[in-house]
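Shared between the two complexes below is chain A, which has chain B as its partner in the first and chain C in the second.
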Partner chain A sequence: MAELKQEKTFWEKLVQIDRRFIYLIIALAMTLPFFFQMGLPIPATKEVKDIYDLIETFKPNDVVILSADFDPSVSPELLPMFDAMFRHCLKAGVKVIAMSLYIQGPGLIEPVINQAAKDYNKVNGIDYAFLGWQYGYNLVVINMMENLKQTFPVDYYGERTEDLPILGNVNNYADYDLITSMNGSSTYMTWLLYAHEPYNVPMACGVTAVSAADVYPYIQSGQFIGMLGGLKGAAEYETLISEKRMATMGMEAQNWAHIFIILFIIIGNIGFFIIGRKK
Partner chain B sequence: MLWKKQIPLAITFITGLVFGIQYFVPHRTSENLFNAYVDWEIVIGIFGGILAYISFYRAHTMRIRKKAPAWQYSLVAIGISLLMIFFGFIQGTETGTFFSNMYFYVLVSIEGTMFSLLAFYISSAAYRAFRARSAQATALLIAAIIVMLGRIPLGEQLSFWKLIWSNAPSFTDIANWILNIPNMAAKRAMNLGIGLGIMMLSLKIVLGIERSYMGSGD
Partner chain C sequence: MQLSTNIWVWLGVFFTLSVLSFLYKDNPFYKLAEHVTVGVSIGYAIVLWWNLTVYPRFIIPVFENGHFILIIPAILGLMMVLRIVPKWSWLSRYAICFTVGGGAGMGIPRSMQASVLRQLEATMLPLSLNSATGINNIVIFIGVLTVLIYFFFSKEHKGVFGGAAKIGIWFLMVGFGATFGYTVMARLSLFIGRVLFILQDFLGLNLAG
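Then we have the complex of A and B:
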């Protein structure tokens, strides 16, 4: 019996596009925009602007803690956030303390800190402190609320924190004016539970786009002042500090990746409807 | 049985009860007790870390000895970890050292690549699975498209109706509304449910009703 091979209709082909073709289109959509940039404006949303506005109100002795609680897998989204916020703090002249609850965090942020310090002529230990990593996640947060220098006896470079001029009057929760945790999981909950709730330390967070939806209840309740959600949040912050850097460039790629994913979804649905009608 | 069952259950019950009460007692003795617990947790955690390393080397050496499938990867895992420890101790971990270079040019790249592959899989999966099969699926599809457009600068430019009515909400505004109102309501309900679930499970563990954490199907 000869098998009859039915020719696929145009609509059937439309719902069965080869995945390699999709991969190719997405790869091009994400790489070409780095060479041909559109430079579209990225207006800041309220969640991002609230953090920026708060830092703008700070005086030189106010303390901002930036905790890079992430590993390399999510660094393309979170590192630009850290970069933008760290630069803003240096620009505003506030005391900024960089640290991490993740062992892989300090290695990621060290070049960013060094570059920003170089650009703004700031000195480690005087204008900012880089405490590195300490074992214990929630225990680190609990301890540093009571005694920062005891929790971090030495900074990332092995200098005694007692000897760092920037930390002279910085001892415990009463001295922290804002804590911002950038994380790719739910580490912000650790800070919320052990820093904000018992000690009422003002808090904000930076999360990956996929986690952003989880944070909205905490913003509405006032527990978080604001949030940087995904690469867009970082790009919005760069717009606010008038420095178009990593995130703004990345948004060009995200622009086209989203557009092509939406187009593929629409194409798939058109084919699905027409085939369904014919049947 | 006493060591494996009764004593762990008693420790769990006593510590659960003591620290449950401790949270609500603002007395110095209570705070000292909590500080002692924090110190203990750090010490136990460090020993846990050492145990994890021993377990890692044991598991991989066993695989190599038995020539298990893909045992060569175990050799690489052990070799690289020893190399990193060696150079970490000899040169330190500052920028420019072997440790730092391996971290930036191997680990960061590998993890970044693994995670970025998701973009390709998600695109292909969205094209194949995101179909308007029902009213609920259609609502999800429309919400997803609006949020995706709202999360990019081009979304603002594509809100063509703003040319006619400038006060009308753009894709970004609608996406923010979706995230701030319906999404938040659903998340809050889920969080409350999860919170209650955690409380119930904690109580069951403290009272010894839930014993699966002790292993052996107890």
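Then we have the complex of A and C:
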């Protein structure tokens, strides 16, 4: 006997929709805004502005260390942060030292450094230093607090760090005015434990949005001066330095994706309650 | 629009689409991209490790400057690698002893200071209803206290104690909600990075502004 097939209601069909349709809608929602930019405002939050304001107070001989502690899997979020902060340091005329505790970090930041140096007409070894990577994570941080040039005997291009004019008077923790680690895990803790706590070096961090909620307690306690959280943090920094670059472009797409996700959550929950009540 | 003529950009696009094709279903292109990523990452790491660590920090100091003391940590490093030789794998334990002992010795007191004492200090705040900061401080104080109560399992969660634990759950839920929101944002950002790569680097579209 042929079984009677019960017709599915609209909500039942909607709740059981193939998730690949949702992927498609989200993909379109995130691609189209690149062609139709609405220029939504991206005001800077206090956590981001505090870092910017501190760098603005620096004098030409002050030293900012930017550590790109990330790999390609999180670079869409963290590379724009590095780009924005590196540009701000060049613009402010402070001594900026770029490095990484992650082996894949230097390869990712090299093109960004070169482009920024070209745009601001700055020279490697004189206006900034690119130290590359060293093995050891916490050992690198501990050593560079004691002796930077011994920790990094050569820079990324194989030049002896002793010979770099920018590092002339930069030797240890007493010479660092700000350290900012951009990381996709909890590498900021390495810097906090071995740079900030024992030597009181001012610290900030740039983290992926996933980790941002974990960092707030350290800002509230005053251990971090500020934080750039995810692509939004990078876009806020770009707003502050008045340069619309990678992050600002991406935020428009992100806003639209958020709108669609919120709609999906609302529709999904309505469907869930309607179906649940019927049963 | 000016299509890229760079072979590496084309390869990047191929692997990007290969990885994204997993969203439709598992397939050989995805597997290929996965294996290439692992292989390339390791190859890249070995080259940098040699150029930036072994050569300037071991080969030159030992063979050119005569710092023979560095041979001791180098031997410990080799002992660690002996894990892959079953007959000699026991030797790796000596190297591990140094790593674990040193790591714990350096890490425990600092973690206590940074993540416990400083965080405790940050909850000892002036409480007041007369300013926004004072009210924030009250929220922080209640949040820390009730969450700690929720994680105290030596007393049954009943009465006033149970009520405080329930408030603690609400604070935890707000925390989880914020983390989830940030996680969604992070995952979308990764996709945005790839879209930008395809539109700008591959298709050569000028999206600035």
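Going forward, the second predicted complex is superposed on the first by the 279 of 279 C-alpha atoms of A that agree within 3 Å, B and C clash if a C-alpha of one lies under 4 Å from a C-alpha of the other, contacts with A are read in each partner's own complex, and residues count from 1 in each chain.
Note that in this section contacts are C-beta pairs under 8 Å (C-beta built on N, C-alpha and C of every residue); 3 or more make two chains touch, one makes a residue touch a chain.
Note that the structure is a prediction, hence the values are computed from the model and not measured.
Applying the stated contact rule after C-alpha superposition, one finds that A:N143 touches chain B and leaves chain C untouched.
Once chain A of one complex is fitted onto chain A of the other, the partner contacts of A:K232 extend to both chain B and chain C.
When the two complexes are overlaid on their common chain A, residue A:G168 makes contact with neither chain B nor chain C.
By the touch criterion defined above, A:I261 reaches both chain B and chain C. By the document's definition of touching, of the two partners only chain B reaches A:P43; chain C does not.
In the overlay built on the shared chain, the residue A:G107 is in contact with chain B and with chain C. Comparing which residues of chain A touch chain B with which touch chain C, the overlap comprises 23, 26-27, 30, 71, 73-76, 104, 107, 135, 142, 209, 212-214, 217, 220, 230, 232, 254, 257-258, 261.
Remark: chain B residues 38, 41-42, 45-46, 49, 93-95, 100, 103-104, 107-108, 111-112, 114-116, 119-120, 122-124, 126-128, 130-132, 141, 145, 148-149, 151-154, 156-157, 172, 176, 179-180, 183-184, 187-188, 191 touch chain A in the complex.
Every residue of chain A that touches chain B in the complex is listed here, in rising order: 17, 19, 22-23, 26-27, 30, 38, 40-43, 45-46, 71-76, 104, 107-108, 110-111, 114, 135-136, 139, 142-143, 157, 209, 212-214, 216-217, 220, 230, 232, 235, 251, 254-255, 257-262, 264-265, 267-269, 272-273. For chain A in complex with chain C, the touching residues are 20, 23, 26-27, 30-31, 34-35, 37, 71, 73-77, 79, 103-104, 106-107, 132-135, 138, 142, 153-154, 156, 158, 189, 192-194, 196-198, 208-214, 217, 220-223, 229-232, 244-246, 249-250, 253-254, 257-258, 261.
Put simply, chain C touches chain A in their complex at residues 23-24, 41, 44-45, 48-49, 51-53, 56-57, 60, 103, 106-107, 110-111, 113-115, 118-119, 121-122, 140, 175, 178-179, 182-186, 188-196, 199, 205, 207-209.
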